[in-house]
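In this document, chain identifiers A, B, C, D, E and F correspond to the written order of the chains, with residue numbering beginning at 1 in each.
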Amino acid sequence: MPIVEMVEYENAEGVVREVYDDIMATRGIDSVPNFWKTIASHPPTLARTWASVKEVMAPGRLDALTKEMIAIAVSATNNCEYCIWSHGAAARKLGMDDEMLGELMAVVGMFNETNRLANGYRVEVDEVYLRG
Amino acid sequence: MPIVEMVEYENAEGVVREVYDDIMATRGIDSVPNFWKTIASHPPTLARTWASVKEVMAPGRLDALTKEMIAIAVSATNNCEYCIWSHGAAARKLGMDDEMLGELMAVVGMFNETNRLANGYRVEVDEVYLRG
Amino acid sequence: MPIVEMVEYENAEGVVREVYDDIMATRGIDSVPNFWKTIASHPPTLARTWASVKEVMAPGRLDALTKEMIAIAVSATNNCEYCIWSHGAAARKLGMDDEMLGELMAVVGMFNETNRLANGYRVEVDEVYLRG
Amino acid sequence: MPIVEMVEYENAEGVVREVYDDIMATRGIDSVPNFWKTIASHPPTLARTWASVKEVMAPGRLDALTKEMIAIAVSATNNCEYCIWSHGAAARKLGMDDEMLGELMAVVGMFNETNRLANGYRVEVDEVYLRG
Amino acid sequence: MPIVEMVEYENAEGVVREVYDDIMATRGIDSVPNFWKTIASHPPTLARTWASVKEVMAPGRLDALTKEMIAIAVSATNNCEYCIWSHGAAARKLGMDDEMLGELMAVVGMFNETNRLANGYRVEVDEVYLRG
Amino acid sequence: MPIVEMVEYENAEGVVREVYDDIMATRGIDSVPNFWKTIASHPPTLARTWASVKEVMAPGRLDALTKEMIAIAVSATNNCEYCIWSHGAAARKLGMDDEMLGELMAVVGMFNETNRLANGYRVEVDEVYLRG
């Protein structure tokens, strides 16, 4: 249950309605996901966040699936249930199957482990890495 | 400075020496990075961690560069200085340039933001994501 | 569901009963919130934590609402569902509306993002900040 | 040391130069902080991040100092050295002294503690908080 | 609800079946916990993770209960609901009662607090600690 | 470098001086560690934190070494450099050697990994754990 009331499409006005329409058109979906309806309780956050996500997730030098998998990696590290479900769904639409998810989770798990070994033991950065 | 003494190659014996040789052969490098020399202070951790990292980072359904970039995403989220430098170096060897790194960091930053919006507002998972 | 049994008011004795009474008197409420009933399974933790929270959250140079909003910022960053709900409720009682919450969440989200850009790129601290 | 080369003002062109000029004008400073010179290695990230930070940190229902203190709370929780220094400096300019910082850090510390007690014991959210 | 389908024992083949049998034999239980049935959607992750957990959690210089309590400390810090429940149960079987859990949680809470005070204030490491 | 000026012993007055004397007497040391001299910039935080740490770290049902190792587990998970060094030193004084540290770090690393597998895959808690 969200800590604010969601703004439903039929009650959306002005910039909120515009953003909602752009989300559905850009994503090719016919309803607005809860994330956007929730942050719409603060319209400037809705508008800014959507503009940023739209720009950042557009395919560039990294393709759309790679970006979605990085989003899952971050969300699993931070334990964001909503984000794991929504970006898991997005990645599956783009072709991710259980085996690819398995490799992704294996890397995420492994580096959450080695990050703590490196930080915990205070491992010193090798000169060769710093020289680039 | 590490909180234990590193095991230098010339002092490495038994399983530690074997792992060191395998690291250098597998990676095509001629010295052992500090991470491995540090965790070698506990040989079972060295042996197990190297076996796991070697298996997890081998190209599979995800290619080596994608895996390295996921490693960077996790390490930037967790703030592991050593891991950012070492996997940054590995990714660059595999072709990552500043523009690709920029897109990677943009996704990492963005989802660290949206993770908190989703968690902070307690956004409810959409039925459509749960149905898969 | 908590991993220990909560101590209900009618079963509370000694220091637990005293703390419960002080919580209700200080907060002007007529039942003990689950957080306190749960940590009461270890009375010294209940007593110490309540004494600390009472001292820390008392208005000082920062007013009560600012302190509650900082509590929400920390809890959203760490994903503590209970704390988001309880301090969200406390902040609303002190006057926080959806717009103020929106600005708060916007700052929380933004700095979770820029923290990772700064840590991920290993940005060097400017001399001018260190000189104070 | 950053993992990319910083873009110095004299080498900045196009959108980078424009953003640099806007940062200095908006903040009333005469050099560009390292954070911006570092993320300028990916101009779209520089432009988008600056536009977002400028919008989010502008005084609104929360004043500038409150926003800076929330930024410090998030940065201390996440251990972002750069951000602690830069927003610490910004907050001091706006009037934060050691006593206010002390109260801020006390709240940050306390909720990092109680967040773990609530999450670790799996405390159940009180009905009264959910009803709002 | 998991984001993949769990592999039930009766459908488990090859390495998955072998790991399942080893888990039940090693732990002295007669059904496979959900964690293993879920990661079995990627058999190499199941096999590797079980081998590592089995090795790491075996009594050594630290006894089994101490290891389980460290697992709880990490899981409470990271907010892993599943891990808190499963390792809570394991620790109770090994003798942990509410008072021991209370002391454990008190230490976990306290150091999540002091970690932020030390990181937030940028406390400098004392020479005496570095000299060992 | 800390973001406030440390309060040296010779300048300490009132409650700060009392706490300093108690720290040195309790710990059997003849100088005040930087952590305490730094948070002394806000005397109420110094007094409250010392009282809490002194109570929490006193041997009880868990012995002093177990408590120090839990402190290291939390600090490695959160990447608190100061805390790793200071509690590493304390644990060594109490008998922790490289092998015990190795087992500790192995558990810390492993659960930072499995926490993300459990959270990332959204593993469902087994009924048997909930029934206790």
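Everything that follows uses one rule, which is that a residue touches a chain if its C-beta (ideal position, glycine included) is under 8 Å from a C-beta of that chain, and two chains touch if they have at least 3 such contacts.
Small disclaimer: the values here were computed from a predicted structure and weren't measured.
Where touching is counted per the definition, the chains common to chain E and chain F are A, B, C, D. Of all chains, A has its CA centroid at the greatest distance from the CA centroid of chain F.
In this entry, B-D is the pair from B-C, E-F or B-D that repeats the interface of C-E, since more than half of their contact pairs coincide by residue number. At the interface between chain D and chain F, two copies of one sequence, fewer than half of the residue numbers in use appear on both sides, so the contact is built from largely different positions. In terms of C-beta pairs in contact, the better-connected of the chain pairs B-C and B-E is B-C.
Put simply, the C-alpha centre of chain C and that of chain F have 21 angstrom between them. Distance between chain D and chain E, defined via averaged C-alpha coordinates, is recorded as 34 Å. Within chain D, contacts with two or more other chains are made by residues 1, 3-4, 39, 41, 44-45, 48-49, 52, 56, 75, 77-81, 84-85, 88, 99, 103, 105-106, 108-110, 112-115, 117, 119-122, 130. Chain B contributes residues 72, 75-77, 79, 81, 84-85, 105, 108-110, 112-117, 119-122 to its touches with chain C in the complex.
Interface residues of chain B, counted against chain D in their complex, comprise 79, 84-85, 88, 98-99, 101-103, 105-106, 109. Touching chain E in their complex are the following residues of chain F: 1-4, 31, 33-35, 38-39, 41, 45, 49, 52-53, 56-57, 60-62, 66-67, 69-71, 73-75, 77-83, 85-89, 92, 97, 99-100, 103-104, 106-108, 110-115, 117-126, 128-130, 132. Within the complex formed with chain C, the residues of chain F that make contact are 1, 44, 48, 52, 55-56, 130.
The part of chain B that touches chain F in the complex is made up of residues 3-4, 39, 41-42, 44-45, 48-49, 78-80.
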